[in-house]
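First the structure, in the form of structure tokens, and then the observations on it.
The first chain written gets the first letter, and so on, giving A, B, C and D; residue counts start at 1 in each chain.
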Amino acid sequence: MAECHPVGFQWVMEAKARGARVIHIDPRFTRTSAVADMHVPLRAGSDIVLLGALINHIISTQKYFREYVVSYTNAATLVNEDFKDVDDVGVFSGFDAQSGTYDTSTWQYLGVEETAAAGNRSAAGKHPTGQELGGRGSKLEHGRVQRDETLQDPRCVFQILRRHYARYTAELVEQVCGVGPEGFAKICDAITANSGRERTTAWVYSVGWTQHSVGVQYIRGACIIQLLLGNIGRPGGGIMALRGHASIQGSTDIPTLFNLLPGYLPMPKAGEHEDLSSYFESIYSPDQKGFWTSAEAYTVSLLKAWFGDMATAHNDYGFHWLPRVNGDHSTYSTLMDMLDGTVEGYFLLGQNPAVGSSNGKAQRLGMAQLKWLVVRDLNMIESATFWKDGPEIATGELRTEDIGTEVFFLPAAAHTEKKGTFTNTQRMLQWRHKAVDPPGDARSELHFFHQLGVELRRKLAGSPLERDAGLRNLTWDYPLETDGEPDGEAVLQEINGRHRSGAKAGQMLSSFVDMKADGSTDGGCWIYTGVYADGVNQAARRRPGQEQSWVAPEWGWAWPLNRRMLYNRASADPDGKPWSERKRYVWWDEAQQRWTGEDVPDFPVDKPPSFRPAPGTGGPGGLAGDDPFIMQADGKGWLYAPSGLLDGPLPTHYEPAESPVRNPLYRQQSNPTRESFPRQENLTNPSPPEPGSEVFPFVVTTYRLTEHHTAGGMSRFLPYLSELQPEFFCEVSPELARERNLVNGGWATIVSARTAVEARVLVTERLAPLRIDGRVIHQVGLPYHWGVGGSAVVSGDSANDLLGIALDPNVHIQESKAATCDIRPGRRPTGPALLRFVEEHRRRAGITVTTGNIRMTPPEGSL
Amino acid sequence: MGARNRRRSWPVLGQLTGADRLGRGAAVESARTASLSPRTATADRVVQSVCPYCAVGCGQRVYVKNEKVVQIEGDPDSPISRGRLCPKGSASEQLVNNPNRVTSVRYRRPYATDWEDLPLDRAVDMISDRLLDTRARTWQEADKDGNKLRRTMGIASLGGATLDNEENYLIKKLFTAAGVVQVENQARI
Amino acid sequence: MVPRATFTSYYGRPVVKPSPWEADIPAYFFLGGLAGASSMLAAGAGVTGRPSLRRTARLGALAAISASYVALIHDLGRPERFMNMLRVAKPTSPMSVGTWILTAYSPLAGAAAAAEMTTLLPQRLLGVGRPLRAVSGPAGVGAAVLGAGVASYTAVLLSDTATPSWHEARRELPFVFAASAAAAAGGLGMIGAPADQAGPARRLAAGGALVELLMERRMEASMGITAEPLHAGRAGRLLRASKALTGAGAIGAVVLGGRSRVVAVMCGAALLAGSAATRFGIFEAGQESARDPRYTVVPQRQRLEGGGARVGRF
Amino acid sequence: MSVRASGGLLGPLNPARGAGWQDPPPRKGFFTDTSLCIGCKACEVACKEWNRIPEDGLAMLGTSYDNTGGLGASTWRHVAFIEQRKPMRMLPVANGMGDSPASGAASDVINPARGAADFRWLMSSDVCKHCTHAACLDVCPTGALMRTELGTVVVQEDICNGCGYCVPACPFGVIERREGDRTVHNAGVAQKCTLCYDRIGEGMTPACAQACPTESIQFGDLEELRERARERVGTLRAAGVSDARLYLDDQKDGIGGGGAFFLLLDEPEVYGLPPDPVVSTRELPAMWRTAAVAGLGLLAGAAAAFAGRRR
């Protein structure tokens, strides 16, 4: 956190000064470790073992927060009797080895049937994938679950949890993670002693957890710990996702993601969502609890925002104009299509995949197959110049004169040259005022896409084709500023939504609760409704922090409805009283008959704690007064996920797709549902039990440095940042340096099945060899900011060129935090010799396209 | 810098006649030093903004003089950042005023070995042509089972995560209406 | 105290910075010393009626001091701002003090030399220089007195720094520089004046050389580990050459200088070269001492561990 | 002016008054608490950005995460990174944690492969010390270096003629002459931290201190900072951080105390700082006396050379 979010880290330092204890769990000793009370190095890719062992410790020593667990989580809920926990092979019940997918119906709660849409991997598309939940809570048929509040029933979630994690012991932690019993005990003591009524523990993670082939389950592991310890919805608790970029949260909320519509509504799927009613049916059941039952109002309002008067009840509000997805169309799947030559055009909008995405060589080879490429950026990034100075030109794999890609480079406006909102990692929207005009041809994306839309609509104005109806009927009449820039506030107003008819016609909506499914309201992103409440740009509020309470609710605006902490009803006990005076945040005011407190209550504000819904009530009305998790279909925090995940209802340990270590828990080496792309451009290093893994004996992990920004587009072109970290380097322990003759300040060549890169060497005790399963495992650290090109102030080989592409099945995020490599002293060969050098490694390891891509690990001895 | 209208004569005289006998301070001050003032004080306006780098969302104050950004620093009013910035945030003035920034459209023809110039309007016109052309050629109305697809798989987009919400909104809206589904973002990476 | 075998530093990087000065500055020191001591020789020659020695010394002083200005200005980062040296008069700044001494000295030395030059004028123009010649005596004496400052302040200039081998040499360095100046001026006198007039030059040279060598030895002994750079590398070579040249020149001056003009010239040249080598050597040694953190850290550590006074004896 | 005792040349401990400023405001300074530094280098960049300092080299130094090296003409803040095999005891006083069984443990690195190796990574942002007795200022022959009414030491870039004397004079190796041709801003002129004289004159905070995310760099009235620092050291020591010590906070030290001073977690030289810096001005009167003796000796020697028989 100190490395990549230094200014946010001030709050950790302040907490520390007030007595908080900071434990840093990371393969590397970083700037965070330097000021932490304890650093626990572990092997990259082994976290679920550590998290599972913590869960085991919490349960077996009875350290969980029983009242919270019983009241607020699904611990007491009974699960379908057909559910079978993971077996010796390493899979849960319902697994189909052929397709690598689960039928999740056996995972369901007892008495709650699996509904048709969930859990089936749609196989029609080229890159099949399962249900796309995005950020949405998973559907339940109804909220009438069976509970055993004694937590003794063997079918209850709590007992399933206990049994599942019983084998995750301190000994296993030492064996798999390389964390000794002493360190493990200290973590156990710290988190359990600092949880309960009086205390809370917070977990903070970032892409160190998401970028794994089991990434979602890492975070689920932390969810289980925090729910068991009663740390969700409470001040000083929570699980904080430190998102990496200015508005990466915003680009998920208002998604530029293939599987989502704004507000975590799913993109319609081919075959499943022929019309609106089938679409709604797959999102929620009217019998379930919580706010997803209003998805109809959110969707219709979105369609009204997009298609205006052309969207009517008669035409399903234009739903049929939306394109359908039928599989994984995420960026890496698109890359495979590019390599196959089926993608013609590509827009890069402030993104540098030639450097920043896994398997950089495949990225560049893919772009060389395009017909046309539009790059919009502040600087002349490597993705715009790969055709003349990319590494493949040097090796002869590509020749400039043979690359038919037509490239448009359009300069972009900087953050001071346009107005608009970023959504930060706390879900807070902050409005930026415009300071100056952009220079020359530089324009904002707002300007460019508006202009592009105007052009497209002009050219299609007379088109009789049905396929052009969506574009023709699109609302695209934004007021323009004098320089032709669309008014960003008008766009934000559209996002917020308006009353379209009735007494309030034309007025801004103040809450998504006001949205209607009858076309009388519009709104481009329901979770953002309220950002323009009362006709005021709430995101532009800047009442100085020092003039406000510590929650500072009048600075910017956080979704939903300016709630700064989600699920904050859980900060009070089931009776609505704060768990403790120290930790009071939101509580029930008996006199006022309202929820009140430091923050906007994340709960129906007048629903008393004692409220119990009539049986069969769905939606928000179905929430009981002690159901704090209002977006969950049963109102409870999920220790166990009966649906919504593709790779298991509980986190379980699989080795990374590339690992030097055999999975000690199961026959199955790595996540059997992981998404992989076996092809010549994306070869995989062998892992045990496959032969050849000794050729790539080291764990490699990639990361960022304080001094740089992602693929360098906003840092390597700046002298002030470039001089602070001018060269690509690798970090190795003194022990590995001795073993491989690496000299501090010298050069090393790091090799994988994909390619070899050269880096300057930093020999440092900050990287420690770990004793894993009786042998020493070395880890190599690689910051990934550099790329090969001619325009940046500093350049160098790219760490991402080393990485292959294996994805988490739920979210299609690549495993870039743990892979394997070899490392040798000296610089790499250049030109065609580099290809021969890599080929030699492949040959020694016996790598073919199928290596590392056999989904199910065969029984021992059969390889 | 306060009362600094002292005479500027030969500093040696000042040494001899004033309190600064050793010529360390008051006697040796130059006219330029005496009139120093921070460029934040002489800016035409200050604009409140947000740092474009990470997701903490630190407040920034952008100082503008003669329609040029002359300084960007932390906004002490922000309850998030309390006026502080990391090295990247502190470098954001250089990000904006970077002489390495390319500010005109560059165009590379297929198989060409170098860039050429292209007017911005022409570029947008050409891009919209390319988009329509590819879209028409790669349009998928339905899958083999007759299920509605209404899309093109011939066009893709990958955005960075420094785009504004309003920008993402227009991107998603336009591409979705056009049948482009491969709309992706750093958020996936 | 025995220096600790090990010491701690930050990646071996220097603690203090070496001066940005190049050859200009040691040249300037040498030329200043030569000028100052030459003015003394000139004054003595004037008083004792040694016109040839007087002429050599006066012209030598002016030439040297003029060249020293060139060196000084050339060394500046902003030569056009040289005159800012006269903005202030700071007793805390040896360079400021030196500038003012030079400012006073130069016109006097210049007047003396100018008067000397008028004697070279054709007979019918001699009258023009008469007023000049009238003041040249007092001016020459003044230059001689100020010359003492010109020749010795440069040692303070070096020692009043954090450069270890310069600062630690502060107790003896003025003597070394003054004596070296004497040797150089004597050498110049031996070159420029016939043997029968050059006796004082020879004696000054020999005396200067003797004192220089003795004080240098004493200096090295008092500097602790910061004497090491005086013996190492380029500085060591220069200082060894300096000792050899100075010693040889002095012995030659005493033994043979009065007899052979050729030997006198050779001895004079050796003395001049030796004096220059002293300045360059000590300059270099200081620069080296600044580049190695050992010479900064170890003496300070010793001082701290020796307890008591934070500031060592002078 | 006569050269009196060294105190006369050193000047008083209130340096602004000593520099002829009438009723100067409270002296301003930096307290850099390295125990709070996270090595982010925001100070380096914020300083360069405000002061328009040119880029200072693109070489990787192989010295941990430090590719800056040290202070110089084009680096006025420098963050040092020191990797040590030494135990780090960093637990602050446990407010509200005192009754917790988890408290009281020292910071440690748990690594069975290496044994319980204690390791620490020290970071420290270095800067000009704005000495009470400032050598750079004392030796400056032009008055380019100036003591401000706020007690800080600045270079007046319009005055400096680049004589370079301040460079070897500084006992910390801070000030340096900027090299480069005339296209380089202030080339040929001595450069160092001004403690953002232009900003603090308007009541603003220096750029580095304003940017510092963790308040490792604190700016304010020197007296108050010293008090705060003493308190902080007490807190750390009480918490078992026995290595914590203040550096340049003592007016009795060789520079009369720093206007910028530090809380360090190891010996100063570990950070590249001199353990016992002394302003050479302290010995200058004695040096002048020695030089006077030497000069007079030379004069006497020259006179003596003319004594005796004429030859």
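Definition applied: a contact is a pair of C-beta atoms (placed from the backbone, for glycine too) under 8 Å apart; a residue touches a chain by one contact, two chains touch by 3 or more.
This one's a predicted model, so the numbers in the text were calculated from it and none came from an experiment.
Here B is the chain whose Cα centre lies closest to the centre of all protein Cα atoms. For this structure, the chains sharing the highest number of C-beta contacts are A-B. Centres computed as Cα averages put chain B at a distance of 58 Å from chain C. Between the CA-based centres of chain A and chain B the separation comes to 26 Å, rounded to the whole angstrom. Averaged Cα coordinates give chain B a centre that lies 34 Å from the centre of chain D. Centre to centre, using the average C-alpha position, chain A and chain C are separated by 73 Å. In chain D, the positions touching at least two other chains are 1, 9, 40-42, 44-45, 49, 61, 138, 143-144, 159, 213.
Multi-chain contact residues, meaning those touching two or more other chains, occur in chain B at positions 11, 22-24, 27-28, 72, 84-91, 94. Among the residues of chain A, those in touch with two or more other chains are 6-7, 10, 706-707, 719-721, 724, 793. Annotation, chain-chain contacts: A-B, A-D, B-C, B-D, C-D (touch as defined at the top). Chain contact summary for the complex, chain C toward chain D: residues 7-11, 13-21, 36-37, 40-41, 44-45, 47-48, 75-79, 81-82, 84-85, 87-88, 90-96, 99, 144-145, 147-149, 151-153, 155-157, 159-163, 166-167, 170-171, 174-175, 177-179, 181-182, 185-186, 196, 199-201, 203-204, 207-208, 211, 258, 286, 290, 293, 296-297, 300-301, 303-304, 310-311, 314. For chain A in complex with chain D, the touching residues are 2, 6-7, 9-10, 13, 16-21, 29, 31-41, 174, 178-180, 182-183, 186, 189-190, 193-194, 199, 705-707, 719-727, 729, 744-745, 760-762, 764-766, 768-771, 776, 793-794. By the touch rule above, chain B contacts chain C in their complex via residues 10-12, 15, 22-24, 27-28.
Those residues of chain B whose C-beta lies close enough to touch chain D in the complex are 1-2, 11, 18-30, 32-33, 36-38, 40-41, 71-74, 83-91, 93-94. On the side of chain D, the complex with chain B involves touching residues 1, 9, 11, 15-16, 18-22, 40-42, 44-46, 49-50, 137-138, 143-144, 146-149, 154, 156-159, 196-199, 201-202, 204, 207, 210-213.
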